[in-house]
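Can you keep this structure in mind? I'll have questions shortly.
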Amino acid sequence: MTTIMRRTFLGGSAMLGAGLLTGIGPRLANAQTGEITVTAFGGVWEEAVRKCFVAPFEAKTKAKANVSLGGPPQWLAQVEAEPAKPPVDVLIMTPDLALTAAKADLVDDFTVEKLPNLAKIPQQLTDSVKGKGTLFDYGVSGITYNKDRVKNPPKSFAEFVDRVASGEFVASVPSISYAVTPIMLIWSMAQALGGGANNVDPFFKAMEKMKDNLVFWAGPNDFFNHLSSGEADIGIYFDGRTWNHFDSGATWIDFINPAEGGALNGVAVQKPKNANPLAWQYINEVLDAKNQEQFAEIMNYGVTNVDVVYSDKLKPRITPWQQTQFPPYEEIAPVRNEWVDRWNREIGR
Amino acid sequence: MQAPDQPAAKPAASVIKPWLLTVPAILFLAAFFVLPLIDNGMRSIVGETGGLTAGRYLTLLTDSFYLRVTVATVLLSAGVTLICVVIGYPVAYFLVRKAGRWAGLVIFLLIAPLLTSIIMRTFGWQVLFARRGLVNNFLVDQFGVLSAPLRLANSPEIAIAALVHVLVPFMVLAIATVLQSVDTRLEESAKILGAGRWRTFWEVTLPLSLDGIGTGAILVFMIANGSFVTLVMLGGGLQTLPLMIYQQFNTTRDFGMASAMSTILLVIAVFCLFLQLRLVRRRGA
Amino acid sequence: MRRDWINIALAAFVVLFFIFMLAPILVVVVVSFTAAGYVAFPIPGWSLKWFGNIFAYQPFIDALLVSFQVAIGATLLSCAIGIPACLFLARARGAWAGAIMTFLLSPLSMPMIVIGFASLFFLSWLGIGISFTALLITHTVVCLPYVIRTVAGVYAGVPRSYEEAAAILGANPAKVFWHVTLPLIRPGIMAGSLFSFLTSFDNLPISYFFGSSSTNTLPVVMLSYLEHQFDPTIAALSTLQLAMAVVALIVVDRIYGIDKMTVAG
């Protein structure tokens, strides 16, 4: 649409209701000032971000960091809608969305000059999102179960599939409506059962075998509901969240990293092009070892700076990322939609 | 229907052209509903490498899987609407004719569920209908009615029940607002003239409240046709177009396909809406 | 005799209906008073701590205010442009009026996620972007149909003779509208506004795209909160919303009489 059309349109809208358009002003001054907007999930995540990253950033730069709550698809859409003037200065992304942003050239390259702490992050993690961002924390998806009902839990994905198929227990697995299901379930299980990104038949065969004893969760809390309400006894879930539930009193819950290795589910940090340069200093704080240690302590998730030393409470809970299965995001991206389509047709929920 | 309403009001009403009254609403939706959708609709016909394509629409209209999804969408919306009418009418009738000073309480009880976040409402359903939930505990352990727990959650019935739960208040209030303006004297006259209770209802009350059923049916059908949150949260294996659209946004980020699906959904909805409006008008006239 | 049976059957049906409506909500209310640190039913003990937690988490309070402002703003705007349209549409016959009505109701059938996504790009292009104004505009798009359909449904049932009588007695159109039409369609306006308010207040798929640190609505914050935390605060928040509704309805009842919402006074 052309500028002339846009002018005409604006004129028309102004006539429609003069008072409507008053909201334009305040946000224009975002870039190049001592104020940035960073992103976070709500609740304890946000509190951790404020304490571990925002506070040191504000102390060092005397600038202010506003925290915008929400989720990755929302932030990415917001940046896509206004790439010249991104409404957020720091993005928190799932790796596949981070890769989408990198490919669409919406985000800046990460370099050690701009981010001294990047040197302490394993190269593979930065490479996984094409160097346009890096992973700063991660969870592992594996087998979470209710200790009261499952006395002798399966130790591997293969055993999990067989025992669910036999009807020994009802399992709750992520539904296709959950954004990372293609990685945490489809790829992860295909890989464990002898397939991979180029062959997911083993996964679909396993699902066919298990179908009478499966329920599906659409969001992390759904899974917890399934387990606590008795809808399911066991399922595929994340380690960090399992420990969070445990710490808040659900001591009947436990997690196993399957013998084949659970999939790594990283959280990437990125900087949109044209965002306030102050964002670099903030991201440097995100990659700092001391700050990450604190973050891990609150969130029960692994972090990526190599200098981090976990506390005694955390050590047994955290699986080093090298012992997880690292998803080949680049290989998965082109076939992901085929998997989803196949899921819709064969599994259908 | 013509003769009595024509003459007298004319001089006063013709000071301004009455159709002008619709202009603000039309302009508003044209600017902030139609234009964004056209802008977005372009995604559905632009190919991945540029250039125009009808491929997505062809897939949606010829692939048996997508056809099944489309049919399921319409059937689900129609089914939910029908259930809402059947359940909602007696409640609306009770509210207007029988509730008396309890009417306020009835209205409150209708609205209250709508004020609970959908996330928590879903949790409520799960607690009630889980494999080891309250209902099954009741039926299996307390009464021994059943030998094994029913698989209630994650079944289509629960998703439909949850949809009805969300939408039936709209139906009840829509019917009630019209029913209360039905002159009870008409019903009295019918009775005096010897019509039985049922005949009075079928031949006087029900026809006079059709506008309310029409309004309720339109609202419920349209909302059901576009809703996905309940289906995402309660599953049940119902695959509908809105659910597929949500998936395109959330999982596959195929906005072109999402856009094509929403065009088809809109065409279906507008077609059904037009049919319903004609039906209501003809019967109401 | 038979009449009694019908009345009893009707009352029994209504009671069953409300058990159906309230059972899931009751579960939520009970859970909000749990002493446990997680959501589960039945609860191990009673506590009020999750209510305190709501007020300890500032984003909930901020978002609650934004939600109220948007819901009220969108409802007023919908009434302002919707009610006039009804005055024409409810009385008009013919294909054009039908087409216009269809058009004005069509936002209902578009999944809101599509409206949200499309509007984000369009309004950003216009320079309105992520702002309270954008939130207000998009919410009005989806609230408008509720007002229009409900008001038109009621107005269609109002006999023309009332307004004609007033006109014959010499009242000008403005006076006819204010003193005759408006009181007659008030139940429709009340019900439509209520639908509109609830739709806006509970909206997630649109608000989601326009979320920022100053424009997040309650459902957006709740969803984001739930992504990593599932303590009973959300249940407490739902219970609090219910309690606020009770208070609001009692106030309405004292001032105005709640049954007037459907029964023309």
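Just so it is clear, A, B and C label the chains in written order, and each chain counts residues from 1 on its own.
Definition applied: contacts are C-beta pairs under 8 Å (C-beta built on N, C-alpha and C of every residue); 3 or more make two chains touch, one makes a residue touch a chain.
According to UniProt, the chain labels map to these proteins: A = Extracellular solute-binding protein; B, C = ABC transporter permease.
Just so it is clear, the model here is predicted, and its values are computed rather than measured.
> Smallest number of touch links from subunit A to reach subunit B (ABC transporter permease)?
1
> For this structure, which two chains share the highest number of contact pairs?
Per chain pair, the contact count peaks at B-C.
> Any idea how many Å lie between the Cα centroids of subunit A and subunit B (ABC transporter permease)?
Spacing between the chain centres: roughly 35 Å.
> Taking each chain's centre as the mean of its CA atoms, how far is subunit A from subunit C (ABC transporter permease) in angstrom?
Centre-to-centre distance between subunit A and subunit C (ABC transporter permease): 33 Å.
> Distance from the CA centroid of subunit B (ABC transporter permease) to that of subunit C (ABC transporter permease), rounded to the nearest Å?
From the centre of subunit B (ABC transporter permease) to the centre of subunit C (ABC transporter permease) is 15 Å.
> Touching two or more other chains, which residues of subunit C (ABC transporter permease) qualify?
Only 39, 41, 117, 121, 125, 137, 222-223, 226 qualify.
> Send over the residues of subunit A in touch with two or more other chains.
Touching at least two other chains: 1, 9, 13, 219, 221, 225, 229.
> Going through subunit B (ABC transporter permease) residue by residue, note those that touch at least 2 other chains and give them in order.
24, 28, 35, 39, 119, 123, 127, 246, 249
> Give every residue of subunit C (ABC transporter permease) touching subunit A within the complex, in rising order.
Residue positions touching the partner: 36-41, 57, 59, 117, 120-121, 124-134, 136-137, 208-209, 211-213, 216, 220-231.
> Hey, which residues of subunit A end up touching subunit C (ABC transporter permease) in the complex?
Within the complex, subunit A touches subunit C (ABC transporter permease) at residues 1, 6, 9-10, 13, 20-24, 26-27, 37, 41-46, 66-71, 74, 77-78, 80-82, 85, 87-88, 219-221, 224-225, 228-229, 241, 244-245, 248-250, 299.
> Quick check: in the complex, which residue numbers of subunit B (ABC transporter permease) touch subunit C (ABC transporter permease)?
Touching subunit C (ABC transporter permease): residues 4-5, 8-9, 11-13, 15-16, 18-19, 21-22, 24-26, 28-29, 32-33, 35-37, 39-40, 87, 90-91, 93-96, 98, 101, 103-104, 106-121, 123-125, 127-128, 134, 161, 165, 168-170, 173-174, 176-178, 180-182, 197, 208, 211-212, 214-215, 218-219, 222-223, 225-229, 241-242, 245-246, 249, 255, 258-259, 262, 265-266, 268-270, 273-274, 277-278, 281, 284-285 of subunit B (ABC transporter permease).
> For subunit A, which residues are in contact with subunit B (ABC transporter permease) within the complex?
1, 9, 12-13, 16, 73, 97, 100, 170, 175-179, 181-182, 215-216, 218-219, 221-222, 225-226, 229-232, 336-337, 340, 344-345, 348-349
> State the interface residues of subunit C (ABC transporter permease) toward subunit B (ABC transporter permease) in the complex, per the touch definition above.
Within the complex, subunit C (ABC transporter permease) touches subunit B (ABC transporter permease) at residues 2-3, 6-7, 10-11, 13-14, 17-18, 20-28, 31, 39, 41, 80-82, 84-85, 87-89, 91-93, 98-115, 117-119, 121-123, 125, 137-138, 140-141, 144-146, 148-150, 152-154, 156-158, 160-161, 163-164, 167-168, 171-173, 176, 187-188, 191, 194-195, 198, 201-202, 204-205, 219, 222-223, 226, 234-235, 237-238, 241-242, 245-246, 249, 253, 257-259, 261-264.
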